[in-house]
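Think of it as A, B and C in the order they're written, each chain with its own count starting at 1.
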Amino acid sequence: MRSYVPATREERARMLASMGLTSMEELLRDIPEGVRLRHPLDLPGGLSEKEVLAALKGYADENVTDRPIFRGAGAYRHFIPAIIPALASLGEFLTAYTPYQFEMSQGMLQAIFEYQSLIARLTGMDASNASVYDGATAAAEAMLMCRDSTRRQKLLVSRGLLPDVLAVLRTYAPCAGMELVEVPLAEGLTDLAAVKANAEGAAGLIAASPNCYGLIEDIASLSDAVHACRGLMVAYAEPISLGLLKKPGGLGADIAVGDGQPLGIPLSWGGPYVGFMATKQRLLRSLPGRVVGETADADGNRAYVLTLQAREQHIRREKATSNICSNQSLCAVMAGIYMTAMGPRGLREVAESCLQKAHYAAERIAALPGMKLSYGAPFFMEFVVESDISSGTIDEALRGKGIVGGLSLDDRRVLYCVTEMNTRQEIDALVDALKEVCA
Amino acid sequence: MSRSVWPTCFEKSHPDRRGADIPALDVPVKENLLPAELLDDAPPALPEMSEREVMRHYTGLSRRNHGVDNGFYPLGSCTMKYNPRMNEVVSAWFGGLHPLADARDAQGALRLTYDLERALCEITGMDAVSLQPAAGAHGELTGLMLIRAYHARRGELAKRTKILVPDSAHGTNPASAAMAGFEVVEVPSGADGGVDLDALRAACGEDTAGLMLTNPNTLGLFETNILTIADIVHNAGGFVYYDGANLNAVMGIARPGDMGFDVVHLNLHKTFATPHGGGGPGSGPVGCKARLAEFLPAPVVVKREGGYALDADRPFSIGKVKSFYGNFGVCVRAYAYILSLGGEGLKEASEAAVLNANYIMHKLRGAYKVAADRPCMHEFVLSTENIPGLTANDVAKGLIDRGIHPPTIYFPLIVREAMMVEPTETEPPEVLDAFCDAMVELKALHEANPGALGEFPLTTPVGRPDQTLAARKPKVVG
Amino acid sequence: MIPNDRKYTKDHEWVMIDGDMATVGLTDFAQHMLGDIVFVELPQPGDSVEAGGRLAVVESVKAASDVLSVPAGEVVESNTALEDAPEKLNSDPWGAWIARVRVTTLNEETLLNQDAYAALVKVEEEKA
């Protein structure tokens, strides 16, 4: 059994004696007898390091992760440079907590400041917070920003948002006193006419681009429609695509949110990822959670601090902008390292590679008999294919070939994702396997 | 380290450098795949640095930071215990698993989730657990949503609008209650630092949805009246919520489920030794008694013949609170920790945490004011109130110069000049002694020369930053 | 020190009444207790406020506190100069007003005059 208690039995006895005590029980005397646990926890006995490694290996070996994969839908496999895990495992970052003591935490504060700056540059915004849990909760926090900034209780949400993002919004909305109006899609894109018809009195609109079908939305027109009724535009963005696409800030979005997972963070069965939130200057003080700011010490040395803290729960309590305390700092730092290492050219190359490979795959799949793309709008790295063959049959057939296919959306439609990780050989194998299914 | 500025990545940028590459395109390149109006003229203005520069940049930043690996970190309510490296290794084995993988390809992750949930049920005395919440505050919100869903299903939500929160509570409690749509009613603490029973009785009624409580509380004191407190709230038709931030005091000693609590959240990054990552990621699983289980976030992991599966068919579930299934990588680390220690080891950890806290409190009792005159649990609160002119902030800055991360200061709000000390079980007595010596030395320095502490810290890259400037003219991006 | 051209509240706000117009600010004692004020969340002209309702929020580095409205009425104007210079509440508390409210109802009995407020401050200072 491992123990991380360094004090020996003798040392513990000596510590008790220094307090005039002879047993631990005397320190626990405030716990009423009626609530004391008088039997050992029903858990297996402790294990040595080697045994724990073996046990966990047993779990890990039951997962299958070594096949080519064409599945995204909110979690994306991209290349992760080795420096990211190396730097993120430095004990000074890994084992610190929220940088409350600024002088002793300048490294983490600056790393977060740089993350905020990088996110702002990526999204074309003026300000960013230090992260929230994930893209879905970032969208939920953006809903609260819209409510509080406009004092309106209705929010438009596009059905083009990822299912989990919509699900989280539906969970949060009734608690926040918000009514969600779900905007349908037309030809796979957020129905602009429906937005216009419902924008009056709405706090804003949340829409994704690329959306849940991989299609690129007309954020500028959606922004205009909500702005015409003094609502706010929240763009849910995919960060890699911003290496190529116009930035939400330039398209009229007031708030940009999304999940930073594609920026160097492993899939890890859904988490931990990182939710980013960026906004225009006038909404800076409405951002939830931690925000790092630059200032100076008494000698004029540049210094970083947690700022705008009076909005936060530890001061404002029930009147805080959000309850968030712990966020996803280390994941934010990983995303920061990714953006710094890739640089503008690297990010554009990743985006270009995803775009080219996805279109190479889409074109070949759509050329197969009985298969076609469901939508005609421009897409980035995900696309929907429909066919007369059931999605389940396709999935099983690909499985038989050692390929993780796209995500079944329903019985006839499959959402494929192709990234820079998929080689031409893999794509060709996918197409060949699908060809067999069609035959 | 003396005063120094570390240039930002943008200041270190040189045109045309880069720190990472990807494979050359192996498919035929096509032009104009996207309409020109969708494309930005230039990629985002990210810095341009070589791989070596990126390594040095972040390594340099790391040297301007303090973690548990560097030294003592008795930050109250945060449980800054040692983070075993083994757990980092095992977590990485799950890094490649896509969250939407077929259940047949994710049996290991599903089984681990199932087993961790069972272990957390046993540790807390609850009947069901969800790993979906991403952090403690997120767990609070989720737990309150369960309470909300229960009252709503009984048609009582319109009436049960209030959540009671002690004045000593973590700020997340009232903030979470407000976010869950409840009205917050503050309950004062009694003279002994616990919940004032008369005030609680007066506050409880037909409008009570529940009470949020930390036990031991933020003064590090066990609520001796916990069973009475739970009865009062239950008799009013409310639920009792356990803020698990302080669970490290009682593992294997007492369980929230046996104290009358109906819902708990845990902080895996505190009690179960997963690294805090400079502020996250954490993980905030929520546990509950059977009568609330049907409301837990969906999907839930179920064990069926032939294997484990995700069950999303949960008609009364509050829904999802996060994408996918939570901060799974953090859960893997916590599970490895539980397997390492076993039931006996968890109890030993809690006992040692309580011993360490009491040891320090006993040694510092003469020098500083102790908020309560009884044994503490895993943490306690000191105050400089007995020392004219000395502030908790000055003491904190003096500790920094001695290589020690300061305690949590100015919390709980009910103690003036508060310093909340939580040593954890993973520190040996010589580290505790050195901390006590530093605390006594700082007091002596102040008494010999009032104001002497005002210039601390001297050993850090920067002196005390101007927070007023930062908040008046916020500069949050560079 | 404490001007006698206006009335005061127990929450350390001042109210200057001119016809149906009430101008609200923070007292010198209030700004002193708050410390460096870094931000003021101002009401919008046209907002209606209840007696005892939140009129504005003032933030210092470590605290945020509500400025409660004494009268019920409608906000006519807020002091937008405070948006860029919240420090005026510290440097010139008697001059730096926060908002003007057109009064619909006002319970003047709850207000303190100069002497009564001076006495209140004296008690509070002794406590601190």
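Here is the rule we use: a contact is a pair of C-beta atoms (placed from the backbone, for glycine too) under 8 Å apart; a residue touches a chain by one contact, two chains touch by 3 or more.
Given the structure is predicted, the values throughout are model-derived calculations rather than measurements.
Enquirer: Tell me which chain's centre, taken as the mean of its C-alpha atoms, is farthest from chain A.
Expert: For chain A, the chain whose C-alpha mean is farthest off is C.
Enquirer: Would you say A-B or A-C is joined by more C-beta pairs in contact?
Expert: A-B
Enquirer: From the C-alpha centre of chain B to that of chain C, how far is it in Å?
Expert: Averaging C-alpha atoms per chain gives centres 37 Å apart.
Enquirer: Quick one: chain A and chain C, Cα centre-to-centre, how many Å?
Expert: Measuring from centre to centre gives 43 Å for this pair.
Enquirer: State, to the nearest whole Å, the distance from the C-alpha centre of chain A to the C-alpha centre of chain B.
Expert: 19
Enquirer: Among the residues of chain C, which are close enough to touch at least two other chains?
Expert: 38-39, 59, 61-62
Enquirer: Give me the residue numbers in chain B that touch at least two other chains, ranges are fine.
Expert: Counting only residues that touch two or more other chains, chain B contributes 467, 471.
Enquirer: In chain A, what residues contact two or more other chains?
Expert: In chain A, residues 285, 308-310, 315-316, 319 touch at least two other chains, as defined above.
Enquirer: In the complex, go through chain C and note every residue touching chain B.
Expert: Interface residues on chain C, with respect to chain B: 36, 38-39, 59, 61-62, 86-87.
Enquirer: In the complex, go through chain C and note every residue touching chain A.
Expert: 38-39, 41, 59-64, 66
Enquirer: For the complex, give me every residue of chain B touching chain C.
Expert: My answer: residues 410, 467-468, 471-472.
Enquirer: Touching residues of chain A toward chain C in the complex: what are they?
Expert: Answer in residue numbers: 285, 308-311, 315-316, 319.
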